[in-house]
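Across the two complexes that follow, subunit A remains constant while its partner is subunit B and subsequently subunit C.
After this line comes the complex of A and B, so read on.
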């Protein structure tokens, strides 16, 4: 068990709390950096995809996990970013300008989608975002002269300062850099007044309001930032997949993104990363397990949704903090050995908080 | 004439939306949770009916009953096993659990060897028959859908109005804690509500079968029933049906008079307008939080 003895106020806001963290995160970074030397091209594509999902997950975590606003339309923000990037890069706009435009455009759409959040909350908000997501998907499918409609849109590989990031490793490093930047932005945001305001809104809108937090401003801001993250991720996704069509950004996709942050662990930055890794790893694990299953199971198209659904239910029932919560418990167990008690992380008995008080 | 024709087919489709929305509202009123798996319950009802009709060779009325009983049982068990332990958790947690249940239901159905991802048609006695009134041509399927919906709404209204259980459910939906203190078995009732709403979904599934066939993804229609429930106010049973009818008619008219693509987006445009103008819906109660 490590006790941190704080002697300066600056210690509170340091990125790494102690040497152990420097070591482990440094090791993770080193492993990720040398990964292209050891893994196959396929795995590398999956790693790039994991970085991309991590960026969406961080944005969604900010919105759902830290501001408490449920969004069932995040795939639509990704779509906005992806198509912006696809169309602009095809037209010859430089990569960074395109990605900035993707982020900005997604943020603007996010603000528009966030407007209902000022009047409705909870499940109504979920339904409003779901409605927006469906409408955006439909617009993309119909705006054929810009987006190619259902026939799809081809996206060229990234080219940067005359360099072409066409091969696996260079694109992977690009995604990794963006994911790292996104993580740092979120961590920094969360310890700023803005982040505190988000958390206050999540915990109680009424008390946040009475403490002087401008609900309308911060909710819209949260939507905008979250959508911008999704937009950047969408832009990278466009370069990774190289082919965009509206059916890649459906409501089902949005729901899967929310599943990702819930399984990872709502309300933690780690959870976003774990969730992204899970979303990428699960299909691989299922594929690897297929030869061991009876044929009628292995050949069923529903195998993956079933496992996904089961994991989701189990996580919510037994580990409300998701993968990150499980890790916290394991760590506490070894930290405190042999004094760990089962009740340490017991959920408080919750009574249903009714919204119906009149 | 064409307009009336479109309105009638819209009403029939709207009845389906209304019935699914009714399921949302029943559960929301009683337990303040939204069941995202309502569409999947509809799909399960459809398959249960298909099994009863083709494998067991039952007549149509028996098919409806079998589908209702099977689905109600699944709804009951779903509440008992999966949802009861997390009652009182945040709304997101409960929504995620119902989404997880929906995923599992959809996946498991495709694993049953004879079903897979194929579409199946449910044999119905009135297939293909049409009625002509003046210049109107109305298919029997539409008439059956509207008639069954009317009867079902009547039965549910009677249940809530005149039976002890129904009145207990009303009490529970007004104030769970007070109802509990009055000796109403709140937990048992909420299982029962899930069973009823699953049975309603099963009927919707059987009614929908002649229009869209039965397949593993038919539950996605549930997504279009959310707008119906929101328009009705999410807490009003007649509101859910009215909302469903509005969505059905709007969709039907938009599909014909507006350009392509509006048909699928129309329900969502309507619900967004509703949320901006009147977030509590047509028949909803005003909800304000007391500090």
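After this line comes the complex of A and C, so read on.
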């Protein structure tokens, strides 16, 4: 077990609290950097996809996990980013200008979609965002002369300064860089007044307001940042898949994104990353398991959504803090061995339950 | 005549047919402890909610240092120097004590979200400065033991103190305390009384509080206002108000009514 002796206030706001963190995150970074040398092209594409989903998850975590605003329209923000990038890059606009436009445009849409959040909460907000998401999906399908409608839109590979980022490793590094930047932005916000204002809104709007937090401004800001992240991820997604059609960004997609942050662990940055990794890894695991299953199960349609749903139910019932919560408990078990008790986390859980009844 | 430090001028609020507060006026001088007492449902907390702009008054106005605050949005009130606590503790449950106090200091932030996203050196300096101020409050209220604990896991008494601390972190001129001693044991109430005295004498903060514990009220208050059914019954020193016939009647009824009850019980 590690005890940190703090002697300066700076220690509370530093990125790494102790040497152990530097070592483990450094190791993770090193593994991610050398990964292209050891894995197949297919796995590398999946890793790029995981980075892309991590960006969406970070944005959604900021909104749902830290500001407490439910959004069932995040696939639509991804769509806005993806199509903006697709259309602009096809028209010859440089990659970074396109991605900036994708982020900006998604943020503007996010602000509009976030307007109901100023009046409604919880499930009602979810339904309002769901409706907006459907509207955006429909607009994309109808605006055929720009988006290609249901026939789809081909997206050229990334080219930067005349250098093509088409093949696996270079595109993977690009996605990794964006995911890393997104993580840093979220962590930075969370350790400064803006992030604390978000948390304040999540936990008690009435006292946040009494402490001088402008609810309208910060809720809108949270929606804008979250949508911009989804927009950037959408733009990278467009380059990764190279083909866009409205049915890639349906309501089901949005729900999957919410499931990702819930399973990862609401209210933690780690949770966003775990959730993204889970979302990408699960279909692979299911595919790998298929040969071992009886035929009627292996060939059943909807196997993946069923497993997803089952995992979600189990997580909500037994581990409300998701994968990250499970990890914290495992770590506490080994830290405190042999003194870990089953009820150690219970007190907090009891409070959360009473919160839910409110 | 100069404007009083704080003034509520015939404020009223009505929910449907119920007049929760009905033409209440009072002034508070700088540096005093002003207490509002009254039976349940008298409208004490409603007065607080009007001052902190959670409710819109149907009539009347509220002024702080000659500036009218009745038209301002709720989040601007803290910036003008009015902080409050809540009767049923409204803390940020899933954040640490330190984070709660830092949110209290929100009005003193100097950085923009963009600079914060990049965590520029200026943001780091501002953060450290903010934390130094917050640590002063932690020292004052002896909160160092709970500093990094989640609020959700804290006992009731400690939460009450954290809420007081959070209000102090806004560096207010006027502090509204809604039942600071409710749910506290004798020792914790004693501590609370010391802190209220410290806050007024050492930090020069004016305190308006709603309180039921008359021992605490008599000990710390300079003036007391008694309310019942949305109206002011009496105002004056703690002992004057406590012995005012209208106040006695509101709490325990008239001698005639008591006799009537006794007679009915006897027959």
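Here are a few things to note about the model shown:
Keep this in mind: the second predicted complex is superposed on the first by the 346 of 358 C-alpha atoms of A that agree within 3 Å, B and C clash if a C-alpha of one lies under 4 Å from a C-alpha of the other, contacts with A are read in each partner's own complex, and residues count from 1 in each chain.
The rule is short, and it goes like this: contacts are C-beta pairs under 8 Å (C-beta built on N, C-alpha and C of every residue); 3 or more make two chains touch, one makes a residue touch a chain.
Note that the structure is predicted; figures quoted are calculated from it, not measured.
Superposition model on subunit A: subunit B and subunit C are shown accommodated side by side without a clash. Looking at the shared chain after the overlay, A:126 reaches subunit B, while subunit C stays out of its contact range. In the superposition on chain A, contact is made by A:189 with subunit C only, not with subunit B.
When the shared chain is aligned, no partner comes close enough to touch A:38: not subunit B, not subunit C. In the overlay built on the shared chain, the residue A:337 is in contact with neither subunit B nor subunit C. In the superposed model, A:206 makes contact with both subunit B and subunit C.
Once the two structures are overlaid on chain A, subunit A sits at the apex of an angle of 80° toward subunit B and subunit C, using CA centres and rounding to a multiple of 10. When the shared chain is aligned, subunit C comes close enough to touch A:197, but subunit B does not.
Contact with subunit B, but none with subunit C, is seen for A:301 once the two complexes are overlaid on the shared chain.
Look at A:3: by the touch rule set out above, it reaches neither subunit B nor subunit C.
Taking every C-alpha atom of subunit B against every C-alpha atom of subunit C, the smallest gap after superposition is 8 Å. In the superposition on chain A, subunit A positions 206, 351-352, 355 are in contact with subunit B in one complex as well as with subunit C in the other. Interface residues of subunit A facing subunit C in the complex, by the touch rule stated above, are 9-10, 12-13, 184-185, 188-189, 191-197, 199-200, 202-204, 206-215, 221, 267, 347-348, 351-352, 355. Of all the residues in subunit C, the ones that touch subunit A in their complex are 52, 54, 73-79, 83-84, 86, 90-95, 98-99, 102-104, 106-107, 109, 111, 113, 116-119, 123-124, 127-128, 130-132, 135, 150, 152-153, 166, 170. Subunit B makes touch with subunit A in their complex at residues 32, 34, 82, 85-89, 91-93, 95-97, 99-111, 113, 116-117, 175-176, 216, 223, 226-227, 230, 234, 260-261, 264-265, 268-269, 271-272, 275-276, 279, 285-291.
On the side of subunit A, the complex with subunit B involves touching residues 64, 70, 115-116, 119-120, 122-124, 126-128, 130-132, 134-135, 138-139, 141-142, 206, 251, 255, 258-259, 262, 266, 296-297, 300-313, 316-317, 320, 349-358.
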